[in-house]
Amino acid sequence: MSEFLLLLLGAALVNNVVLVQFLGLCPFMGVSNKLDTALSMGLATTFVLTLASAAGWVLEHAVLAPLGLEFLRILSFILVIAAVVQFTEMVIRRLSTPLHRVLGIFLPLITTNCAVLGVALLSVQEHHGFLHSLGFGFGSALGFTLVMVVFAALRERLAVSQVPAAFAGAPIGFIVAGLLSLGFLGFAGLDFA
Amino acid sequence: MWSFPRTLSFRGGVHPQPRKQTTRNLAIEPLPLPRRLYLPVQQHIGAPARPLVAAGDRVLKGQVVAAGDGAVSAAVHASTSGQVLAIEPHPAPHPSGLPLLTLVIAPDGADRWVDLPEPDHALSLSREEIARRVAAAGVVGMGGATFPAAVKLNLGTRHAIDTLILNGSECEPYLSCDDRLMREHPGEIIDGARILRQALGAERTLIVVEDNKPEALAALRERLYVADAIQAVAVPTRYPMGSERHIIRAVTGREIPAGQLGADVGVMVHNVATARAVHRAVRHHQPLVSRIVTVGGGAVARPANLEVPLGARVQDLLDHCGGASMAPARLLMGGPMMGQVIPHARVPVVKGSNGVIALTAAETRSADPGPCIRCGRCVAACPSGLTPLEMASRIRAGDLDGAAERGLADCVACGACAYVCPAHLPLVQYFQHARGALADRREQGQHQERIRRLAQRRRERQEAEARAKAEAAAQRKAERAARRQRKTAGKEHETEA
Amino acid sequence: MYAAIPVLTLLGLALGYALGMAGRYLKVEEDPITGEIEALLPGTNCGQCGLPGCVAAAQALARGEAPVTLCPPGGRELARQLAEKLNVQADLSAMEADAGPVFAHIDPERCNGCTRCFKVCPTDAIVGASRQMHAVFPEACNGCGQCVAVCPLQGITLKPPAPSLQGWRWPLPETH
Amino acid sequence: MTTPTPVSGPHTHAPGGIATDMTWVALALLPATAFGIYLFGWPALNLLLVTVTSALAFEAVCLKLARRPLRPALSDGSALVTGLLLALTLPPWSPWWIGVLGAGFALVVGKHVFGGLGQNLFNPAMLARVALLISFPLEMTTWVIPQPLFTPGAPGFLEGVAITFAGAPVPDALTGATVLGQAQTGLSQDLGLSRSLEGVYDPLHQALGWIPASLGEGSALLLLAGGMVLLARRIIPWEIPLALLGTLALLATAFMLVDPECHAGPGLHLSSGGVLLAAFFIATDPVTSPATRAGRLLFGAGCGLLVFVIRTWGGYPEGIAFAILLMNAMTPLIDHYLRPRTFGRTRRGRPLEPTQTAPDGAGRRP
């Protein structure tokens, strides 16, 4: 069990999908203006990513590998991810229309979120077992959500402070993201051996 | 179930230097009648009073010159006998210096009371009778809130009041008017307490005094008989102990739910000066025509506690106290924590002014506001458990909804946060501005709602008129057709005949 | 190698079918937003937004063609509500620093009681009979300005309310 | 006589202000700084002066750029304190450009990009230290065995200037590893802690500061004394130091009991590597720490936990800088969720129920 936990921690903190591997930056910068939207975006991405990495593993080991079609991996993964995202959008619109209206434009963005495809491909490359790749996907998504929420809170604070006009908005956002990844370097080389 | 430790206190609060030394040992001295008295028609919360007299009328002391107008209002009485010179706008005791309809009275020096009924020492008066006399006397909350006292008594009928608190805490620095009142007239205050308890039917009556006024406590306890079942309670000195919500929380441990009043938790709070005014109103039928005002601050030559006829101008008080020894940095009506700066000394003393304080620059310790360094001292000081720095940063950024969401409505504007802020930020002014802007926004919303309804109704009326006209036209056409038809039928009849 | 084409088509068909089923199962009809927007607009059809009436303005807003600051009589308050409803950032700076509500004021010397303004006011805010002095109810007037245009003697002007103690507001303290 | 614009709110004020607080912080740092200079001689003094002056210079340049008045901002001492704190965390004999670059990064990117004092999201000094550590690992990890001033082995004034400014190499005989560095290398070669630390870690020395360390992190006692002064003056909150040191000590003892060979005890953890300097002077930076009591306790505990995790399992021997940066990033989130209970409302913000408001049993008639 603790081995599974360490995998989660490793995926979430040590090589955090956003701040260390620099994947999924467009929703990270785009949706992080308000804390609650960032949280719901993070949860939606977690839902999609976990499903996608599971589906990816099944696809890889049940279809692509036996038929020797590894070169189709990226294409088929994107197809699956797009389907999962479309399914998530329907679920969200059914569950809460205001949330759907708020997230509106950004839901399809998850399809193009390179973190989702990246993590699915990574877990295939590292030949994880099914449970392992599920854990890796979930861990990375947790890391993504954590950093999204922390970054959203930081930007909400910046929104009410007097940032010089030259830096207000996106520039200060990028600077803070950079400084945040500076902090995350502290987790570099963290291994619980 | 919330269990509040009985610490006779509340969260947060600050300890400003009391600076009462200069005036707390000076006996109350009457202010000689000034040349003119300026009585505004609005000295209370609620609708302004309607003047009953006209320019040129002669009035006697205690005669009603303006009657209360509507449910929440208070009458205004002549503070002395004399002639009404004019009823015209004069500067109100308010930072904006905007005018307010004011009765200008020229005293004739006789100071002759209007004939009053015999004093009535009956022990048990009915609740309605007490409320009527208090209303007739125009008594309002003298602690500074100036809410009409009679309306509060009627409020007491709709809720079961089991505790009456007389607020003698006087936690504002510099002020000593309540302190002197408790030391010199404890009997009148206690009798006022009995009358109020009689009106409210409260089981417990507490006169609450901060423990930095031991002489006042002693004077009250000395005059209290065991039969009275009235206790004089000492509470730790802390600002804002005088705030109604916090004195109830400190003394009874009950916390008024947000948006409700003291009566909702069965407690009624009145200032000690209000109790004395109730005593005079009910026992001697004397209306509220004068009040005790502390004149203090570093810029006043000879600080004093004065019994001032309502309507006297601040300039008269300052002149009586030897004038301002230097130009005051800030001239305040009320205490330095919640009092308001007045634009000039030509404003009248009204029912709610408990102090005229002329502060020197050194005493204000004011400095240009620096940046907020988020030190959190305002959060620790806030007695209402809010986060002033978050509210202020949102207001500065123009996000009024964000400030409202952080608890702007629960702020009692006591000033504890701005007092401790190391960056000297005018936090209270941020909150006052935001509340005003939100009030404007609500009013504009209601105004638009009204406009939509009116436009809607006008469209419906026009459509109805159009329909009615169309029907009438159609009906007339039908009749004409019928008539023509009968005529042609008639003609055919003739041709056949 | 030749299995690639059938695998992909099969995968696409399977996913498409699954989404179709989910679509039917999770059906929810989208309530049109134009109705809600129209409820917000003043409804006086004054045309100051350049659109023929409030219903047209509501449709334009729903389609996102018009800015939320299109309605001067509505002022900043309406712009803020529309921005909230359409979930869009409203830069209120475009609207002139809201001088606050303005009301029509009829100049007593000039009014000869021709009742033209009385007929054109969308909210019946003007009171008066023919050849009698006319007056405006401030509570019922939202400064749409139609009466100003129609008065033959230019007797009507739009004025902000007189400053009063109740209306006075604390200014925002200026920052460093 | 008249006040032109209406001024509301309290017309009197508590004594003190930002400037007095900052000067007290600087004073509280003085003993540790003086001792650091005494321990590491002239090069340390040169480094300190270079760092502090360049901090003030950068502050002035940024204020000029922002077209803001120089006097109030420069004189509130915040730039001085940032420069001082940064200098204290640098290796004592590091070259001058380390100090200048660090001060530049701290003041420009760490503070004025956000809009000046009170707007920055990360502690400028720690930001600069982490940036330097990552960009110049060699210079930032050359520790020196203490050469008290005027003792024979110590470099004279001229040599000191040469070391700081002319980049003269530090003689190998004088270099040594900090205790934490020693512990980490020992662990990585699977040597038991006791063998790799004997002769290096001596609690008394550690407390007094006779060990290779950063300029100001030497003596634990002087830092503790400075911290107590600030606590007594109520300039820093007590929650953060208590929570930070408490959590660190707790974790260290727990893991030491479990496996003394792999985990150093609380004594070493607390007294080494600038934990005390950070706990009392850096983590308590009001701008980047939460504003409520519960928030500060969580902030301190978070710092303590992260320091322990990075030191025990992380790649870097010293984790305090990273811990503080990460918890600074969490501060807006902590302030968003941890708020005091509003008067008359439950913790979730709804008005209290009538039953909840009469707890003193005074018996209220229905």
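Labels A, B, C and D are assigned to the chains in the order they are written; within every chain, residues are numbered from 1.
Please note the rule applied: a residue touches a chain if its C-beta (ideal position, glycine included) is under 8 Å from a C-beta of that chain, and two chains touch if they have at least 3 such contacts.
In this text, all values refer to a predicted model and were calculated from it rather than measured experimentally.
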Both-way neighbours, i.e. chains that touch subunit C and touch subunit A: B, D
Top chain pair, ranked by how many C-beta pairs fall in contact: B-D
Per Cα centroids, the chain farthest from subunit C: D
Euclidean distance of C-alpha centroids - subunit A vs subunit D, Å: 33
Between subunit B and subunit D, centroid-to-centroid distance (C-alpha), Å: 50
Whole-Å gap separating subunit C and subunit D, where each centre is the average of the chain's CA atoms: 54
Separation of subunit B from subunit C, taking each centre as the mean of its C-alpha atoms, in whole Å: 38
Subunit B: positions in contact with at least two other chains: 96, 368, 370-371, 396, 426, 429, 432
Residues of subunit A whose C-beta touches two or more other chains: 161-162
Contacts with 2+ other chains: residues of subunit C: 170-171, 175-176
Chain-level touch network, classified as line, ring, star, complete or other: complete
Complex contact set, residues of subunit D against subunit A: 66, 109, 112-116, 118-119, 121-122, 127, 130-131, 134, 306, 309-310, 313-316, 319, 321-323, 325-326, 328-330, 332-333, 335-336
Contact footprint of subunit A on subunit C as seen in their complex: 1, 3-4, 7-8, 11-12, 15, 18-19, 22-23, 26, 28, 30, 87, 175
Residue ranges of subunit C in contact with subunit B within the complex: 42-45, 73-75, 77-78, 80-81, 100-101, 122-125, 139-140, 142, 163-165, 168-173, 175-176
Subunit B contact footprint on subunit D (complex, rising order): 1-3, 6-18, 20-21, 72, 76, 78, 116-119, 237, 286-287, 289-293, 296, 335, 339-345, 351-360, 362-366
Parts of subunit B lying in touch with subunit A, wherever the complex brings them together: 393-394, 396-397, 399, 402
